[in-house]
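In this document, chain identifiers A, B, C and D correspond to the written order of the chains, with residue numbering beginning at 1 in each.
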Amino acid sequence: MNERRLPPAIECRHRLKVRYGETDQMGIVYHTNYLVWFHEARDALLSALGMDIVSLEQEGYRFPLVDVGCRYLHPARYGDEIDIRVRLLPELVARMQFDFEARNRRTARLLSTGSCLSVMTDRSGRLLLRLPETILTCLRRAAGNLPVDAAGSPP
Amino acid sequence: MNERRLPPAIECRHRLKVRYGETDQMGIVYHTNYLVWFHEARDALLSALGMDIVSLEQEGYRFPLVDVGCRYLHPARYGDEIDIRVRLLPELVARMQFDFEARNRRTARLLSTGSCLSVMTDRSGRLLLRLPETILTCLRRAAGNLPVDAAGSPP
Amino acid sequence: MNERRLPPAIECRHRLKVRYGETDQMGIVYHTNYLVWFHEARDALLSALGMDIVSLEQEGYRFPLVDVGCRYLHPARYGDEIDIRVRLLPELVARMQFDFEARNRRTARLLSTGSCLSVMTDRSGRLLLRLPETILTCLRRAAGNLPVDAAGSPP
Amino acid sequence: MNERRLPPAIECRHRLKVRYGETDQMGIVYHTNYLVWFHEARDALLSALGMDIVSLEQEGYRFPLVDVGCRYLHPARYGDEIDIRVRLLPELVARMQFDFEARNRRTARLLSTGSCLSVMTDRSGRLLLRLPETILTCLRRAAGNLPVDAAGSPP
């Protein structure tokens, strides 16, 4: 049996409220803040999976981003409550691909979508090839909380 | 003769220095700051073309972003001098497509590449279909500063 | 009887979690972020009092800051949960004085203290002399939720 | 002769241009950005004195802020060119007190004033009592570029 079978996609939701300083003079949220929110949602997901970025950094792992993208459909405004849906698409190689949706919580309107790809390196910046066992364990445990069918079958 | 012939690509360079607050605890520049720099370079280009964003906003034009993307090749660090090359690909429709390269000025190493697409709307957020004549004039004048061949032939 | 009697100090608490991008290369929260947090806490207080900054801005009021200060006692770090205590000291004149404390939620350690003073202007930036009646009403209603003694006696 | 005689106040100017993302929905620069600019100006001053923050951090020194303050007199707006005057008041103890003025370059109008106090610690966060000799040397060399009278007499 393949011990390194991939767990299925894992997702969670994260909620936040637009800060005053996140707006610009167009009266809407400045575009880079969506990426900050996506990062926050991503960390919330990893944390929900039992991965502690701080501990992993202390063990010498780094997670630099290699690619981000974001589409803007409707503007968010100061005070809006935002719902972020974040989804992790597990891979065996040492990288993490996330995608995101930001919605206005009150109207459910889709505001923006995005994605990012993060690799793993050691302290000196050398690329890791495979996910460390501790991280794979977290991903498998997360998959274990899903219905058996979902967790048990290859993606 | 086609009065609305497109001017060729227009580019310029912009230089900046990494601020302390632009780093994160990985010891490198936090990823969203590249997009802030690209925005600064884009405004420098428009300004060099004689387009004043402030005046255009006062006339009722808005330039919301609809899409950004960025790839990260090598990290920038605090104090690094960064060279941004920005290129505008003129179109007749009311949108502006830019692409970007950020390099470490001392080593000439390519740090990241990016792109963004901005549309134009009126004050109420309604999409414009064609670039206003004032902007087209700026683009043509910019093209006029290029060698006749470059400026005179369709892209 | 003095209709314009001052309500007593009003305070509330606001909780947040340190974002990755709020750190710098010292591995601690970059100093300006505390002021962003204080702003968020201040807006949460005003909102709890029934003051809607967006509506007030639409009515033509502006609340520019005229003074901020912050002392840093212990660093906050990525992932820390932060408790902000914010206190509004009501005045009859059209300005709002807030003070702040930020604590690490887990350890209760005091991380920083701060204050800010905000005035009110109309749309054109002209200083208001007295708080608008709508705002005074919010402050009095907030005071009305306090024990009669506290609400009824001058501070 | 007192080898540890204090050099006089040292100042320099730093210029920058307001970025789009530094504005907020009031149409003016968001208040924390002045502190970011002051930090940039402070680093420019230290760099002009021959102090390289990066090298000093690599040697194990840290310069956490313990106190900042800022007064806002007139708003800065997108695209404004800003002149920062920064002044360092040297002390023998291991702390650096700076004060700042931000002016609109075109109108020379004073926009804001500020100050900050930074201490020095070692890598583990323990407070240093006296400025390291390398830093004192930089300060004295800077003073040496002043007229002999100014450099030779106590401030």
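Here, a contact is a pair of C-beta atoms (placed from the backbone, for glycine too) under 8 Å apart; a residue touches a chain by one contact, two chains touch by 3 or more.
This structure is a prediction, so every number in the text was calculated from the model and none was measured.
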Candidate from A-C, A-B or B-C with the same interface as B-D, over half of contact pairs in common: A-C
Chain pair showing more contacts of the two, C-D and A-D: C-D
CA centroid of subunit A to CA centroid of subunit C, Å: 32
Inter-chain centre distance, subunit A versus subunit D - centres from mean C-alpha coordinates, in Å: 38
Whole-Å separation of chain centres (CA-atom averages), subunit C against subunit D: 28
Per-residue multi-chain contacts in subunit A, two or more chains: 20-21, 25, 28, 32, 36, 77-78
Complex interface listing, subunit A residues touching subunit C: 19-21, 36, 39-40, 43, 47, 52-54, 77-79
Subunit D - residues contacting subunit C, complex: 25-26, 28, 31-33, 35-36, 57, 62, 64-73, 75
Touching residues (chain side subunit B, partner subunit C) in the complex: 20-21, 23-25, 27-28, 30, 32, 77-78
